[in-house]
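There are two complexes below, and they share subunit A, which is joined by subunit B in the first and by subunit C in the second.
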Partner chain A sequence: MGKQGDTRNTAQTLSRTTPIESLWSLSLKKFCTDKIGIASLFVVLVYSLIALGVSLGLWANEWDELLNEQGYGPISWDYWLGTNFNGQDIFQRAVYSTLTAFKVGLVVSLCSLWLGVCLGSVAGFYSNTWLDELIIWLYGCLDSIPFYLFVAAVSFALKESDIAMYVSMIGVLWTSSCKVVRGQVIKLKSLEFVEAARAIGVKDHKIIVRHIMPNLAPLILIEFSLSFVTAIKTEAILSFLGLGVRDGISWGVMLSEASAEVVAGRYHNFIAASVFMFGLVMAFNQLSDALQDALDPKKVVQR
Partner chain B sequence: MHFLRYTVRKILYGIPLILGVTFISFLLMVYFGPEQTYTLLGKNPTPEDLENIRRQLGYDLPFITRYAQYLQEIFTFDFGYSASSNERVLDILARTVPVSIMVSIPGFLLGNGVGICLALCAAHFRGLWPDKLIMFFSVFGMSVSLLIVIIGFQMIFCSSYGLNWFPVQGWDVDSFFDYLKYVTVPTMATSFVAIGYNTRFFRSVLVEEIDSDHVRTMKAFGIHPLIIIIVHVLQNNLIPILTRMIFTIPYILIGGSILIESFFAIPGVGGVTYDAISSGDLPIMKAVISIYTLLYVGVLIATDLVYRLVDPRVELG
Partner chain C sequence: MVLILKLLIGLCWISVTASAALPAQKDELVYRHVEDGAPSSVDPLHIQNTYANSLVTAIYDTLYEYKYLKQPFELKPNLAASMPKVSEDGLVYTFKLKSGVKFTDDPAFKDGKGREVVAEDFVYSLKRHFIKSNRSNGKWLWQGRIKGLDKWGQESGGYQKEVDGIKALDRFTVQVTLVKPFPQFLYTLALGYAAIVPREADEKYGKQISVHPVGSGPFVLESLSSTKAVLVKNSAYRKEIFDIELHGYEEAKHGSTGIAKLSGKQLPLVDQVEVSYIKQPSSLWNSFTKGNEIQYGWVPTVQLDQVLASRQPLKLKKDFSDRFHMRVASDFGYVYLEFNMNDSSIGYHKDPEQNKRNHALRCAIRKGFDWQNRIDRMYHGIGEAFPGIIPPGVDGFDPSLSRESVELDVNGAKQLLKKHNWNAKTLPNLYYSGVNSVDFRKFFVQFRSWMSRIGYPKEKVKLKTFATFGDYSKAIKDGRLMTHSMGWGLDYPDAENVLQLYYGPNKSPGSNSSNFNNSEYNEIYRQASAMQPSVKRTELYKKANKILIDECVVIAGFSRTRVHLWHKNVSMYPTREVLGNYFKYVNVKPL
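On to the complex of A and B.
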């Protein structure tokens, strides 16, 4: 009983202090005042334009061609960042890798979010039932397997196909958004609008989809930016371990090529890949910070 | 008595977890994993040869029997012999685990120690320039991939094109001086990344406490800020801080050091795991996964119990 009283009280104080403007437009206003947030959004947009151009075939078409017969080549007008040991243009490879990064980031984060949100809302809505226990057990298991070995095992089971990287990343990354969503749904389901929906006999699955999930949107946006970054960074390490991108190019593949070259004083490959990758990851990290600030209802309403 | 029952229950909770992980690793590596039939056979095998080998390896047994065998192997620590070097897997682990511990301890201490200090500083000057500076560098550290840090540091400190202060790779430790020589660059690389993540986490924990009423009262009474921070703020938040530190231990001992140890050619568990991944050495992978899981579940149970000891308010439910 005490718990219900509390939620009613907070609901009342909220309705008193909440301005007529919606939380979304307040968040947007707050985000617009955040200079770092705007700048990082701009950087992310530039990167996505680069990726879009690559996928439309506008630039970096020759990333795989052996242009320079001498192999290693210096920086020149033809090859902006020099050529690698095969005589391939390093700049074009780095640009093309942007597309790979977006592919990995989008596929992995969207799929793992979808899984995490679905399972998380079910677990949260039916908390303390066998269904909840089952989902907790599942992510507990996945958490206790060492990640890189899990990827290796999946890639053995899938006969070393290219999908293995995606499957294993999605298979592990959903757990973090599932935990966050589950916690949030447990909070949400005791609020009055859910009780009201239940009282007039709305079916459980409709409550989850129509009433609870829309309220998870800010959380999902933040989780998306976090898992995007994780996916890109993980891809780099997996490619180094030989478990990542197999036929194609990515910053991770370039870095693993570079790992043998730097001690011989050839660092064009290394610098190109790390600057490109760092820029995108840093921008996404700052963006997710700005989003967290802007979407936090406590901070926005208090203003 | 109450505590004992609580302990037993927690341990019982660990069992389904261990069963789950072993089941997943069994499915992936043994059941759907690569068959060794053809690698053991010569050229042009007859169908009878095939049949014999499959029977010897137990591929014709039913699913449940094979899983039971797998479980038995794990719980008796009988992981067999490495597929590439034919050495006993347990011997390999006994040789490599101490090396990994030695490599990772300085990084663990530095990463957490510096992280806590920076976080306290940032939380104390919340919103002011020291806070902003520290948080900027923390996000910077989080954004650089460990791969980049390792290659970069190797280039700067170990190659003849950089400072060339330390050996590029290897592990030839006879004295403390040797130890420092080989451990410095790996430690710098791991702590560089760890400090970024830790500072951010510890700050978010500490900031709430620094805002609380009792800290404000203490400030009003004129107690020295250093005493407030160390005695009161840090002590009250010991649980989340310790949890985070403890949970990184299985990761550090096994698995987390894959990149570091393979780059610097250090003969630790990570290096062995890296070789096992690239050569497809299943017995070693099986052993590393199983031991990591046992450690992880053990840590999970231990933290629950430590909570109970540190904070009696934690329910015995």
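On to the complex of A and C.
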């Protein structure tokens, strides 16, 4: 892989003389040596399997059933983390919340990335034009508002809509990927393969889509992992405030339920939601760090 | 040099006087109260809840008020000099006002000095509700009841134009003429809506009067925000002595509260009242138990096991009983789940056959409603549901009424659905709506689980949430919701106040949010609402209640029970319904 499109010619010419290992291959090798990175990936995969199992109906199907008529119940064989106020199984709720976290994380990070990459590529490619100025002004405005306040305000304003939480997060999270992508595109567009494409009359949008965007892949991967974590954390905060998940369960909702319970010495809900969320967020953060190290061409070349 | 010396002396003088003032502030008696919601306005026109009513009745005077400790509730004169003279036909009420009562000093008055409260002020205050642009919340209380008042409001000929039905006969005498007998009229005059507002303040402050009240009550509003209200003693308050016998003091019931020692004292008893508005139960509890913050509170549901030694009888653990007084009291009202009869998927339908099926569906949902589970989980497990909408303790409550409508009957519900050809495919989406909150979601989860038990597909029981109570309230008023859960606190101790909620002509956006319209019910209500308390009226109330049960228009009811606690150095007997104007009776002993 590596630089694609018209760079292929250059790469092929070089490969005839000296065999070159692609950036992806080098990065993979580097990533495999990173124990924390591998462990994090493993944890993320475990969470993914949990979420997949929930979505396929393999487990945690009784997360909202009133199983224990007594309401609160202790840890037991039937209820691994006890039952909550309504007699619902806390463990099943925490497990089911993994699916919610993945839904939110995937939808928000994919949509915000798509928006950020598109706008960032356009801004970078047409840098120092009015289009670039407009996009910079737009993300400058959004960045000037404190993130959580903005997200909470938009969620509140769209209160009756089920997608309020998603819209509010996507509306802000695209700015970080847009900035990074813009910078990278400015750098890429002055390289020879872009010049070559221009010289043979390839249209701008094709240069962006076919030649520049593929070279942004490592960056996008890192940005994805970062925005995924941010989305999960933001969902928890919004749900805690009653502005997030409405009909369903999430770790934020569980924490919000636990807010009154911890004062009364009931920690099951709080601990379950915190531990599950901590595990996923921590793993994603570590994975993101490992990916940054592995995909950084400077560090890879140093090897 | 001389200048510096002068400055130093000046600073010293300021610090000495400031420190001299401190002991005086320390001696002040401050009562720190708490509510779980905040008022948005203290204008008598715009009272929206009991939180606002508590403040309005502390700042303004009403002609009548409830006796502090008396049960069942009983009125006594407040600004009125005596109980009114009522004509034989029950249509003409003549009130005498106390003389010498003054509004608090305010720039709105000439020379900033509060003037005497006169009969014209009462006339003006009632008329204010009928000015269309004022958008009064309390107008409904007197709408269609006082001779000429509605017409006056429609014509908007200005305050100068007289109304036949409300006249100031002299400086301290008011006469009100009703269109038809309205036995609850006196009760309405004890509500904050009937508070007496001086015209000068209304004209000077306009809409700002909602945060700048000028009254003649026992307290003056010092500040108001969404988290706190501060009331200070009205130093010019008229002479009012706390007569505990008059107020219904009973040694056996109130003996432990220390109220007996307050007999004969001038009201109000404390110098300042601070009302904190804390929605979060755990924050409220922390503040209460801390010792030096709020002095009154109640036990949050999740804390109950930590606080109570036993539930039957209800006893506090020693650690708490040593520090706090306790009173267990039911709200003077009830909670319910209501169907919107204008929604053809569950309410009235033009096809008689479908109409019957919808009736069966409503009844089946009611049979599947597990009151005991709700009470156990959400209301401390204390108390019992009652059939219908007339709560115990109110005339018209029938203890012999069948409890079928509040008992769980899963099989009965299933059979009813089957009999009327309701199944997973034909059942409509059932929307359960409310203000988005942790507690509301708990309510919904319960409800969905109960419905699942009677065969309602889970995916068809849907949640509809609103960010604020205002939005939710508006959606109800607009008739946009299929069902809605609410609580109703009685405005006055008469079943008429709850029966009017189902009177056809009061349909949305009026108080009849269910849009129930039944000719037999309407006729009974019309008759009973004009009757003085009597055996016949009680029978009519019972009959009306029975119709509501038979029509399955509402799943009701339950009066919430609250475990009130207050610090040992505070003398009070807490209640938060109907009463109003209770801060003046609270006393605090310095620690």
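Criterion: the second predicted complex is superposed on the first by the 271 of 303 C-alpha atoms of A that agree within 3 Å, B and C clash if a C-alpha of one lies under 4 Å from a C-alpha of the other, contacts with A are read in each partner's own complex, and residues count from 1 in each chain.
By our rule, contacts are C-beta pairs under 8 Å (C-beta built on N, C-alpha and C of every residue); 3 or more make two chains touch, one makes a residue touch a chain.
Since we're looking at a predicted model, the values are computed, not measured.
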First (subunit B), second (subunit C), both or neither touched by A:88: second
Touched partner set for A:242, first subunit B, second subunit C, both or neither: both
Partner contacting more residues of subunit A (subunit B vs subunit C): B
Touched partner set for A:64, first subunit B, second subunit C, both or neither: second
First, second, both or neither for A:147, with subunit B first and subunit C second: first
Subunit B versus subunit C as contact partner of A:297, first or second or both or neither: neither
Which of subunit B and subunit C A:74 touches, first, second, both or neither: neither
Touched partner set for A:257, first subunit B, second subunit C, both or neither: second
Subunit B/subunit C common contact set on subunit A: 156, 159, 242-243, 256, 259, 262-263, 265
Touching residues on subunit A, where the partner in the complex is subunit C: 64-66, 69, 71, 85-88, 156, 159-160, 242-243, 246-247, 253, 256-257, 259-266
Subunit A residues touching subunit B - in the complex, by the definition given at the top: 137-138, 140-150, 152-154, 156-157, 159, 233, 236-237, 240-243, 252, 255-256, 258-259, 262-263, 265, 267, 270, 274, 277-278, 281-282, 285-286, 289
Complex contacts: residues of subunit C adjacent to subunit A: 280-282, 285-286, 300, 302-303, 305-306, 373, 376-377, 436-438, 441-442, 444-446, 448-449, 462-463, 465-468, 471
Subunit B residues touching subunit A - in the complex, by the definition given at the top: 16-17, 20-21, 24-25, 27-29, 32-34, 139-140, 142-148, 151-152, 154-155, 158-161, 168, 251, 254-255, 258-259, 263, 273-274, 277-278, 280, 282, 285, 288-289, 292-293, 296-297, 300
